[in-house]
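Shown next, in structure tokens, is the structure this report addresses.
When the chains are written out, they are named A, B, C and D in that same order, and each has its own residue count from 1.
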């Protein structure tokens, strides 16, 4: 058993964890819920020895322990599957798996262990493959294998399903069940998705602003209650249901004011080396319409997003905005043509973390030869008000903003150019409920004002809640387009799996 | 004809040896993500230190060891400045190179040192093999350390746990960090190894090859070593091949007049750098370069 | 001893007196600036610890100055581009005589006209085209003469041993080194007509490792004599030549007494020897500015060539050869062109 | 609160820097004393040679100009993320191109000077641009290629001054020609104001200061500077925002090369050198200029005092050498001082991160 008592951690003025108590028992899956910035990751990093706490005790059984480094954590039987940054691309699977061990490296032993663990948990993977050749799902398996091989008594998973298909997620939870039930380990599952948490966990703890605000057996609570505890107020499960990862209660699709096609993609093809990432992809989005592009990660969405952000030039195919073809080799051509993008990875291509809020809002603007800081700041102030951007000041670096506010900065910038088309790629990734709600409202409003919206998403609930038509992408091509009325989870699932509707 | 080839080969081996030592070190440091330009300082400092020590103790071997130690000290300083205090590694490298050149030149003008040279090994029977006998079996003994150090370096990088961690650190320091590897510590350790080997290379040049020290004795060999690692596309074998090519090219340049051929000397001096650039242009598609090469690591919030 | 000075028509500077053979002698020499002490400032473009050419210049200044109780400020490895500033800085140190170690530093000469250097005498070696000015004494020799004679001496030893192959190892391939090689070759050939000279340019006077490899390559080619016409790399290269029992020559200084390495022929054309003579005049208050002193092989004590352990006959032959050069019986330029290429 | 914190940090950095300088000087003094010299004499010589009188200032400012030019260029490339460390070679290329124009073009006075400077900047800019091109076409690491090309540049200049058809000085009679060019004509030299030994200000200094101010304003106030900063901080976002990444980065590299080339032309045409192209004429101005930029944290205005300080060390060092202390000592002192200036801010922040709450956003 692992118990945290009175753990506190401050980052300067920010209290990331405020006297947190948490008890995890063997043989249970413990859900850890909380909005962005609630302190979940910080807490786990403390458990893992990556961050040192300011106060509190960690007890293993009844013994207080010190965790000064990840090695200490491993020694105490704590293992973690990180969402980001934990596999090293050019290394092989087995090398990644043994990374962080001690003692000499034994390749055949390591391979055997990988195969053994893979076998035991049903996570097939080739131990000698290089990691950069693997799909997202396979990588996730490697992460799990890496963790499980160390035979941890406590296994922490930080948002493990965001990159998985539903089938893969289901598979993962089966594995976790086995881990908990038959091997008597403890699992901490961090998630935003209420559906997942209610379905998969035994106990659940909700953090809000660094404090534990709710703790219960999962069986004794409801999604509704958990949502309320996370957000701190009542949420109607109607409008925000999707945000919480529950299937929507039928929402009437926005009226399609189909006065012409605003965005027309034709035969877009992108190849990397021999791999065809986008395969003659064609899609139309009408003005005032939200089209959802749904599919499992790794099927070309990221490339399409990059293409529409001007980061990738297709090998073939055209993009038309408002009926006129756009020369995709020209820098910023899509932007000039009236296409706004909320990119999938905002830190990579959405904002410049070390530039100020005002500067980030002006990134795409034609500033004239001389840049007036004063005017830039004033403009930023107006937008911040309009889009509810909470920032210490317009001169604060975007790095200091919360994820939701960073995303608002991106959206504000893209919308202030009055685009005729808005591409939103995974616009709610990593956002908390409040921010998601806000994003949904804004996207609907944008569409309502006549802008064509292309919503690229891996969240079934999200596309079903927002889009009027849903196009399904698989292996880089559109395999079907359904009106939201005809779309069901089953149909979409089949399409995603490559089965024609 | 045979003897001409033999001459060039044997000269090439001697000119390659200091490069090869240092290249093993530089290769390892670069695999860990440090583009270490202070390798010149390590070689020069060690060359001076080895002669100064040999002169003081009367033993060339002690001098050689002192050279290694000086290389390690420079590696330690570099490591602490760039992978602890996080000062830009190129600045540190440039400053250390200037410091080593200044300090050794200063000290050589303010004191006098006696020359010393380590002994030569001449392996009976083998030395009589035509063509390769003289070049490979009649050498100053430290050359034979390469027989151990090259495989050892390879083993360290490719097979040892430490090397696995080094590679992880050179490719993706963030990931290595969350896995519990102390990124900057590994990089500092890699620099120590680099210092030891570059030091050995420099010391070999002084107490092995030449037997004395003169101002700026290494004359840019450290940069040649960097070129060799680049030429070798961050593979040990090809890096050493690069050293050999550069060493042999120099040997040819020095031997060709004796054979009645002259070539433009500036072009020949520039050749290693030109070859390294060409290698990068030609092989760039393979992208063998450690992905975090030259980038500092700092644990930071997203 | 002839003093082949060209007398320029320069007006005497205030406070300076006209010398008998033209030029002007700075007032108060040797304490030109009249501060009660004599300070000699030496600038050298090379490594002043090279145990050779550059060092000899500094060493002779030091030896002489010590004997007179003067001070010497020496600065080696002066970048050519820095020459002017270096000279000004010296003047500010209140030196009485600025001496340039080699003509590479000729760009320092304009400082002699500047107020900061007003009260200084200037000594400039000039083996090439340094223009004469009223404020400096030029001291020049003809490198071809020394190299021709060095070749001749080398030829004598080769003849004795029946060798025909010789080597010349030097640094960068520049005009002066090419010319030196050519004259050296001509000298050898005037004794051993079928001799062959292999010239290797290592690119660097001071890179010992490369110099050694060059010598090694020459040894393998059957060279029996090697001339390490080098700087800091001289000793390393010569030591290697010694192990092969090759005939060796010195680049500029008398090192017949040296035991490690050993030399068979000392070629003396070091600026230090000329400087020594000038210092002697300076001490006597007779060193005139605005004149050019040309040092003649076979006429003046320097430059000269010495066979360290030569037979009387060899010494005699060499002596005659040098005297013939001195008396212009041998036309050096023609000889070099005839035999050198 | 924040303001108070920064002043505390500022004080600590200042104190640490002062301590660093003291340590650097103490080490240097120790070295001098250990080798039988006089530390106080050396310090006095440094002072006298650099700022004690007008002559000293003249020589200090002569060195400052090219150092500042190189540093200003280095600021631009460092900002853009296309990190250039090949300035030493670019200085030489600039001098080579400048010498060629000055010695080969038969045009009158000021035009010749302008052409010399322009051509030097252009050639060195193109030289640095090659690194950008290699990066663009084949993904060649810019740091590596700029470093390697330095050595190519050195050989190129050595080649030029050894070929009589190219730039070697003309032969007088049958005297030997040295590996250097002729002196550039007076018309191609930068004017100086004031007479030696009084304060003499060379036009080069004004060019350098103008460049620093121009670049500072351009970086802080223009669209170009805004985009440059964006590019350096996040090239992907910059591309998304419509910046032509390769072009802007390539331009930054070329600009940085051009300033280094201009510095080379200043070395060639101002009295700091001998007005000749010589293989060693860059006298480490390129390396030092890069250090100036780094000490100045890539801010062109801050680079002015730092370049001045480096100029002081250079001219003081020359003077020191004239007192008989080998000038190599100055390189030692300079290296130690650079560390003393570069290290403290990082060390202080490191120390703060360890002791006070972790990870306060800077």
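Methods note: a residue touches a chain if its C-beta (ideal position, glycine included) is under 8 Å from a C-beta of that chain, and two chains touch if they have at least 3 such contacts.
These numbers come from a predicted model, not from an experiment.
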When C-D and A-B are ranked by contacting C-beta pairs, first place goes to C-D
Could you grab the centroid distance between chain A and chain C? Build each centroid from C-alpha atoms only and quote it in angstrom. 78
So what's the Cα centroid distance for chain C and chain D, whole Å? 37
Return the distance between the CA-based centres of chain A and chain B, expressed in whole Å. 46
Suppose each chain is reduced to the average of its Cα coordinates; what separation in Å results between chain A and chain D? 46
Multi-chain contacts in chain C, i.e. residues touching at least two other chains, fall at 76-77, 172-173
Going by the contact rule already set, what residues in chain D reach two or more other chains? 158, 162, 326, 328, 359
Per-residue multi-chain contacts in chain B, two or more chains: 105, 109, 269, 301
Dump the list of chain pairs that touch, please. A-B, A-D, B-C, B-D, C-D
The answer for chain D against chain B in the complex is residues 31, 35-37, 83, 85, 134, 137-141, 143-145, 147-149, 151-152, 155-156, 158-159, 162, 284, 287, 290-291, 294, 326, 328-332, 334-336, 338-339, 342-343, 346-347, 350, 359
Touch list for chain A against partner chain D, complex: 10-12, 51-52, 54, 309-311, 331-333, 335-336, 341, 343, 348-355, 359, 362-364, 367-371, 397, 399-400
So in the complex, the part of chain C that touches chain B is made up of which residues? 47-50, 76-77, 167, 172-173, 198-204, 206-210, 212-214, 216-218, 220-221, 223, 232-233, 235-236, 239
In the complex with chain C, residue positions of chain B that touch it: 3-4, 6-8, 10-11, 14-15, 18, 105, 108-109, 112, 115, 205, 209-212, 214-217, 219, 250-251, 254-255, 257-260, 265, 268-269
Which residues of chain C touch chain D in their complex? 41, 72-86, 88-90, 92-93, 104, 107, 114-116, 127-129, 143, 172-176, 179, 333
